[in-house]
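Chain nomenclature is as follows: A, B, C and D, assigned in order of appearance, with residue numbering initiated at 1 for each chain independently.
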Amino acid sequence: MVRIAVAGASGYAGGELLRLLLAHPEVEIGALTAGGNAGTRLGEHQPHLTPLADRVLGESTAENLAGHDAVFLALPHGRSAELAAQLGPDTLVVDCGADHRLTDPAAWDRWYGGEHAGHWPYGLPELPGARAALTGTRRVAVPGCYPTGTSLALVPALVAGLVAPEVVITAVTGTSGAGKSLKPHLLGAEVMGSLSAYGVGGVHRHTPEIAQNLSTALGSPVSVSFTPVLAPLPRGILASCSAPLADPATDAEAIRAVYEKAYADEPFVRLLPEGQWPTTAQALGSNMVALQVTVDVDAARLVVVSAIDNLTKGTAGGAVQCMNLALGLPETTGLPTTGVAP
Amino acid sequence: MVRIAVAGASGYAGGELLRLLLAHPEVEIGALTAGGNAGTRLGEHQPHLTPLADRVLGESTAENLAGHDAVFLALPHGRSAELAAQLGPDTLVVDCGADHRLTDPAAWDRWYGGEHAGHWPYGLPELPGARAALTGTRRVAVPGCYPTGTSLALVPALVAGLVAPEVVITAVTGTSGAGKSLKPHLLGAEVMGSLSAYGVGGVHRHTPEIAQNLSTALGSPVSVSFTPVLAPLPRGILASCSAPLADPATDAEAIRAVYEKAYADEPFVRLLPEGQWPTTAQALGSNMVALQVTVDVDAARLVVVSAIDNLTKGTAGGAVQCMNLALGLPETTGLPTTGVAP
Amino acid sequence: MVRIAVAGASGYAGGELLRLLLAHPEVEIGALTAGGNAGTRLGEHQPHLTPLADRVLGESTAENLAGHDAVFLALPHGRSAELAAQLGPDTLVVDCGADHRLTDPAAWDRWYGGEHAGHWPYGLPELPGARAALTGTRRVAVPGCYPTGTSLALVPALVAGLVAPEVVITAVTGTSGAGKSLKPHLLGAEVMGSLSAYGVGGVHRHTPEIAQNLSTALGSPVSVSFTPVLAPLPRGILASCSAPLADPATDAEAIRAVYEKAYADEPFVRLLPEGQWPTTAQALGSNMVALQVTVDVDAARLVVVSAIDNLTKGTAGGAVQCMNLALGLPETTGLPTTGVAP
Amino acid sequence: MVRIAVAGASGYAGGELLRLLLAHPEVEIGALTAGGNAGTRLGEHQPHLTPLADRVLGESTAENLAGHDAVFLALPHGRSAELAAQLGPDTLVVDCGADHRLTDPAAWDRWYGGEHAGHWPYGLPELPGARAALTGTRRVAVPGCYPTGTSLALVPALVAGLVAPEVVITAVTGTSGAGKSLKPHLLGAEVMGSLSAYGVGGVHRHTPEIAQNLSTALGSPVSVSFTPVLAPLPRGILASCSAPLADPATDAEAIRAVYEKAYADEPFVRLLPEGQWPTTAQALGSNMVALQVTVDVDAARLVVVSAIDNLTKGTAGGAVQCMNLALGLPETTGLPTTGVAP
């Protein structure tokens, strides 16, 4: 059995980690810690986690987190490097925060500010080369939710040279992506019945991470125009991704063949049958990425749509998948491939 | 392994049955059948059931459903008696429809019309005496979604003589309870942003079923005033249940003690800590019933609030729980006690 | 022209007041003030109020609010008495808060705590005797949102002696009723996809106000069991109200006749045609109360369902209606009777 | 007074037309007609239209629609040309359907099929030259909902030569845009909690209409990549629109100046203050278009976000605005510039 701890257990990422880990056959749940909610029962914050409802949250200190095989960090950025150092090199540290995602210190400084904590193996096994780096590792940088669904939507076409390296992405998200922050625009009365754009013009912090994923896969720079939209649902990201065809004569069948091949062996990526488009409901609570591809003939662009659950494959499910890889368990252990719908 | 079939696999109850049965360690999924959707892929109707997406639906005939250890019927009422007869007495038949819930032929005729198909063991193991009747049975009448949460909310107080047998229930439901019926008032644009009452004045068909459960438990007639309300969410029933205290001096602690005792050993009923009230989100996708009790001192009434997922504990989860009992498996096998939130 | 000021203009009640007052043909909008948001543009908080978007909010001081014909107070309770005293007896003060609703100082102390500020004419003109008290007044206590829809649902039956004075109410509300408070359970991700009860057991502060309205109308005490439920929509209250029939033989026609007569001349109360049940969407943004009545024959209870928009008829619309009465304008001036749907 | 008729009064466009026309000071409401709902009360379908609830719907025949100053057609496409011919050249016919929007018969045949009915003045007065063509006309082709918000978002930049004529649009919509069609994917339980793309790859019928608007304004062809996304809300379209900068050094201020000038005198277009992004809630029920512009410096693209209510400015409000122009009334008469929020 793998004994795990979760720091940040009262938040949305922490809650989803625990939901999945409770169902994981090789996991035993150890310390649960929090920041401001330390000292309270988990059931006050996560009443859906019935088996853990009476657990009392500890402080997110290295002392409380020590002595586990794997420690999941669901903390504000800037906290994980120090904690990881204190936990030692033999403990698997899975960081759901941003600290170790970007490889370029200058990019870190531009987008987050301050000194770069260094980068860790990037937790998106479906990217070229990523699975090998994650196997047996003791440090994982879990991707952001937007980079997960959008990178997997675009990498195969870029790598195959089907499109020019100038992608345009509009991704629509549920509100849990913003966490439990108490901000007026996240109140239910504001969110329900409304759509809003935010972080427009390439200023959202996931932009450099998407660009890094695409550029690394391609081996040369990819320009990314990224617009996030907030929609009235708790979970889910639907990404509309497009890029100019390298050859305007490329047809949808050729595209489809490339994606089929790219994801043929991926247990958590499903290219839907022709004519069926992804919905976030089909991925809800599951670790799946649902994809569909087509060609806009008039505009001579590839269009790919992907759907994920931002909390599952986009955060906690991806994190558990990486834990499995890191610890030598079958990659799919404990991870749902069925969604919860309707 | 238990080999199962599901009739009505393209509907909401059928989809939830398959979601749970896919995760059940002792189950092998056999025939999937449908009415008008026979001949189509399951993935067109239930894209969230990834592992079964390419299955083609058969017709809901006895021939297609034969040869399984257990057959789940998620069909319009009036169909199950004949199918069950054709499947033979050794096949476990779990009927999610209404046909065999009511014990009184006159009540059947009044509320549904026509000849009574007879009654089967009632699939709510938490009711007094029900578990014994379900153990080893080959026929199960799965309760309606409203009767599940409301009966469990009221039976302990009635049986303990704490309240007069005159209960008032208003239960608010998500729209999946109405199934995939194509009716204008169930369109998204109508449902979102609106609340509506329906079946008001004691005319909803679940009223006699609730009355039967309460009266059977008490051993004498219970009057039930039941008002259902439709709210903008896919899943969940929150029931507000009250009854006059038999002794106006009864305090909340006395009530609480009765409920604690009644459900102490029930794996799927959780009386929440004092001061915490149920939410349907905490039960979403799980087989749990969340309860809280209090006394309205001024009005001298007991008030109980229960929350369930109408598709899980309210239909498909309850059905799988009964299958476990009927086939001698541990009652909790394969059934989630954690919800999916937020 | 009536020159008005709104204190609390950045909140939900303040925003709805301004939406209605902008469309009111006899009104000129003067000072807009706020608490913590003083000094900011109204458009940051209420972007839907396009014509006022560039107005800068002042402090909610008597000095800023002086010099208007009517001042609307949408403030936390405890603030209005002092402000009203400073504004002088000739200024119409319409208090959307709770301070002057309850007539009994002991009730105020029990439910809100502290010294009673006294009571003002109660702003629900459709209650017996209320319209006369509001005509020409310079002080108005606008009712709470729950008391509005529930009192109008029950008063005619009580006054006509059709039911026993023991009412049971479950009212389902959208989340704007809680205002813009930054509380975790009001976050969009928590609210959407969930139903929850709160203030259960007769402890919600609107309970004594409902009891006061019903008891005053009847002339003797009425027992009120009130349970509020929070549902995933921004606006709307659907109330399910019932009471035992005084004579179990009373039929729905007799009830209907009483309600038809009671509201025949009320411009903002609509008893729906038989068989049609209220939805909150039909009242959204309008000043209407939609009602339907029936008899639950088996339970021998009257059941009345009412739907309102908690921000319009339930707060700001009611307030404007009272302003019209107070200032001698036609009561319906500027108030929408059509809702915004779907 | 202008006497109007509405054909298709039981649908969403028809309902919104009547909501606005009821509040229009110069309008008297005449015949209300429908297809399958002829013979029923309007209140069954549009309970929010209280003042018209008891009106009985007639058949949508020329006979019933004759004798009015203006006839609004909210009908399936293919019906309006014949009806308009029967109503005569002096009656104002405002067609909310698609029949007369496209100017190119080949485009009509490709996208809708069959013979082109000809084109009428296009009902988006804010487009260059459009207002003049609408003034005094007796035929109006009301734009589609997507073309309204997206064309206004992009025309100023194209006309000013700021961007290359290759635009990429992802527009997220509420479900009322699909009308009251009884399709499974529009059921509340399917829509709530889910996002889905449809008509992807340039196949949505509004694509050629957007291209026509942009190309006409620019005077040369504009390539349009358009992806619509369905989100869980009843009303609203948020459009994320982008295009490569003609000169990568163009800054946001230059863009802003162009948009400020373009819409300085437009009563229904609001360029938000810098840093504030549009929400659909702010436009709900109003005739406003809310816009914000920026430059994505890294991607060298203009990004414009627009928000409208698809039923108001996107359909019925635009239609009434055109009626005002056609009949010589002030263009803004009867049209709300305040939205309904939260």
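By our rule, a contact is a pair of C-beta atoms (placed from the backbone, for glycine too) under 8 Å apart; a residue touches a chain by one contact, two chains touch by 3 or more.
Fair warning: this is a prediction, and the values are worked out from it, not measured in the lab.
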Longest centre-to-centre distance from chain A, chain (CA-based): C
Whole-Å separation of chain centres (CA-atom averages), chain A against chain C: 45
Geometric centre distance via CA averages, chain D-chain A, whole Å: 37
Junction residues of chain C, two or more chains touched: 12, 174, 176, 187, 189-190, 192-193, 232-235, 279, 281, 284, 341-342
Touch-based graph of the chains, sorted into line, ring, star, complete or other: complete
Contact footprint of chain A on chain D as seen in their complex: 166, 168, 170, 172, 174, 187, 189-190, 192-198, 200-202, 207, 211, 223-225, 227, 229, 231-238, 240, 242, 252, 277-281, 284, 292, 294-301, 303, 305, 307, 341-342
Sites on chain B touched by chain A in the complex: 12, 15, 19, 22-23, 41, 43-44, 46-51, 53, 176, 192-193, 234-235, 270, 272-273, 276, 279, 281-286, 288, 290, 336-342
Footprint of chain C on chain A - complex, ascending: 12, 45, 174-176, 178, 180, 182-184, 186-193, 232-235
